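Chain nomenclature is as follows: A, B, C and D, assigned in order of appearance, with residue numbering initiated at 1 for each chain independently.
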Amino acid sequence: MEIQLWREILDPYALAVDELIVKFNHIIREYRHLYGYSPIEQVTGRVKTISSILEKAQKKNIPLEQIEDKIDDIAGIRIICQFVEDIYKVADIIRNRSDMIIKNEIDYIENMKKSGYRSYHITVFYDVETLKGTKRLQVEIQIRTLAMNFWATIEHSLQYKYKQNMPEHIRERLTSAAEAILILDREMSVIRDEIMDAQSSFTIKANM
Amino acid sequence: MEIQLWREILDPYALAVDELIVKFNHIIREYRHLYGYSPIEQVTGRVKTISSILEKAQKKNIPLEQIEDKIDDIAGIRIICQFVEDIYKVADIIRNRSDMIIKNEIDYIENMKKSGYRSYHITVFYDVETLKGTKRLQVEIQIRTLAMNFWATIEHSLQYKYKQNMPEHIRERLTSAAEAILILDREMSVIRDEIMDAQSSFTIKANM
Amino acid sequence: MEIQLWREILDPYALAVDELIVKFNHIIREYRHLYGYSPIEQVTGRVKTISSILEKAQKKNIPLEQIEDKIDDIAGIRIICQFVEDIYKVADIIRNRSDMIIKNEIDYIENMKKSGYRSYHITVFYDVETLKGTKRLQVEIQIRTLAMNFWATIEHSLQYKYKQNMPEHIRERLTSAAEAILILDREMSVIRDEIMDAQSSFTIKANM
Amino acid sequence: MEIQLWREILDPYALAVDELIVKFNHIIREYRHLYGYSPIEQVTGRVKTISSILEKAQKKNIPLEQIEDKIDDIAGIRIICQFVEDIYKVADIIRNRSDMIIKNEIDYIENMKKSGYRSYHITVFYDVETLKGTKRLQVEIQIRTLAMNFWATIEHSLQYKYKQNMPEHIRERLTSAAEAILILDREMSVIRDEIMDAQSSFTIKANM
């Protein structure tokens, strides 16, 4: 496929990512203004690179003309939360919006992947306006704590390096890191109310 | 009205401005990718300050609870074009979108204000999603050439300084500046096709 | 030359451009805070693309190893002013800084190019810190009014398209556009004090 | 002290922070281009708010005219690293630059505060150019892993809320969180070479 064609396909996804980052950042602002505390800590987004799309298509035997249908993370949004509880709050916020239609949800926190991966995934349909009219796209939203994100980022690059052959001693380290993160997230959850309350007075002071 | 209340009113307008800037910037990108030339050169936006809103409300005798209804430029988008012709092209683009509903249009280019002011104004209704649900807002979109914008910016600050009492010699200078700008825009229009074509090959080269 | 080598050469220029944009933007802020009016209206910058560098090297017969010496606009800063008078004020500001050393200055405003091009050019030496130590670079700073910039941008793309063979009717339009711009800049200069004063009260009000 | 005076004092610090963020971000870029891996993961910065400065001055009995001398974190830069080892690498990079002069260093990693706080602090002198000439400022640079930063952010807001009276059960949770983070950072250090190597191939691929 030519670069010009790829651009026509991927541009709307880039628009969707930009719009959604603006929208989620505004949710942060709205929460902080109203309650001094936001369940969302940070938002990032990306469009999959052409080479990653091709790799995934090949691996999963997806013909080129079905790429947009079958690959649901061409546009990806990542939402970082402070606490595990906030993740479910964010999922609720997304469910209640009229501009995103839920396609499906997977809870890898309750059901951790055997690699140790934990995150909450929501795939939504989202409409963007192009020169050729409205286009409905799929966007994958990953919701995680900061600690889960730290682990996932490292695991992702190791996965990428070793493919199916990750050495045992590395896999073990990743597992004990995943456990340390689980403990960390739990300790934080226990004092969540105190932290939220402290941060809320902090924010209010900063706004004065 | 308290600052907290103002925030609740103005935050959605800030969101609308941010979303619209993303959307118009994407139109620029889409045009450049497809044709090498975009009718939009640049987009900016702003939310009216509280003090400007109060000033306007007082001047026009608008009670506080009707502010959002009666003041249609709380959210303002400014679109800068290279050529007068592009202005009408941009108006068309806006009319064809499904996410902005035209409330009204005023053509101050065909019908220049007696001050010399020229611009195309479109007021649209635009929906944003807040924590309390969807909210429909008014947004004023001003479309101008770079030269018109230059003149309008200067005239605006002089207007602000002198209110109704602008000295005659200044008014005269503004008028001859407005004439120079009219000539400039006309000269540019005559060679518009050559310029568009030149810029399009320039863009294509830059993309290689 | 390989892409990796180009990167090593060009990265410090990108750093210089980024640092200078931060510094000139801060001058704007400092002036507005102190006087309500800044002689600089806007700053942009760019690093020349590899293909433009190669084109210029070929045209001027510059061997690759002398590129950094002989091409003084690999890093370019463009400063936009409201008034012709501000241009000379900005040149003064640059001369008085201890972090930029003047290499040479050319006044294309007093001595307009025969194409109609007007701008004030200053080439400075500027030091950046790299992983390999301090590196002294050349940076070309172009200072112009908004109107001069408008004309120069259009002329540049036409120049690029037609090379030495610009059709006579286009050259004529460019010349009359250049004249309209000269008039415009002069009209503005005459009422500069009133405009500066008006903008200064505007800024002060906005800061309240 | 009047707001105008505060601005004159604080503006140069804002400039220093902006310049340093540009410079550290460029170090990230340079490392990734040269080695595919950067010891710096992320940089942020802030200028202390007026109210925080006043609070600190009062608490430490610092007269207003000695604020700039005695408060060394009016400008603060925070550098986030992936691994503990990277922290010392970054300290080295800072020591080798000619545009920052080390005032002092404190290693709260080797010598953890009894609260559990860990970070490497470097205070530097840094020169900025203002309209009134060169001004030498102090800047505090905090270097931490992502995990240390997570803990420190939470502890800071709790500290702020409870002042000297943090309840025992919260202090205990913070301590066990600090331990989980210590384990996490250690597990990561053990497989640092594999991770660096994996990320480096990842970056190189992304650049292709």
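What we mean here is this: a contact is a pair of C-beta atoms (placed from the backbone, for glycine too) under 8 Å apart; a residue touches a chain by one contact, two chains touch by 3 or more.
Note that the structure is predicted; figures quoted are calculated from it, not measured.
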**Asked** Going by the contact rule set out at the top, which chains touch both chain A and chain D?
**Response** none
**Fill in**
Greatest centre-to-centre gap (Cα means) from chain C is with chain A
**Request:** Just send me the rotation angle from a CA overlay of chain A on chain C, rounded to the nearest 5 degrees.
**Result:** 180
**Prompt:** Taking shared residue numbers divided by all residue numbers at the interface, is the value for chain C and chain D over half (same) or under half (different)?
**Reply:** same
**Complete:** chain B and chain D have mean C-alpha positions lying a whole-number Å distance apart equal to 42
**Asked** Can you give the whole-Å distance between the Cα centres of chain A and chain B?
**Response** 35
**Request:** Indicate the residues of chain D shared as contacts by at least two other chains.
**Result:** none
**Request:** Select the category (line, ring, star, complete, other) that matches the graph of chains linked by touching.
**Result:** ring
**Prompt:** Can you list every touching chain pair?
**Reply:** A-B, A-D, B-C, C-D
**Asked** How about chain A: which of its residues touch chain D in the complex?
**Response** 49, 51, 82, 146-147, 150, 154, 157-158, 160-162, 167, 169-170, 173-174, 176-177, 180-181, 183-184, 187-188, 190-191, 194-195, 197-199, 201-202, 205-206, 208
**Complete:** Per the touch rule, the chain D residues reaching chain C in their complex are 4, 7-8, 11, 14-15, 18-19, 22-23, 26-27, 29-31, 33-34, 93, 97-99, 129-131, 133-134
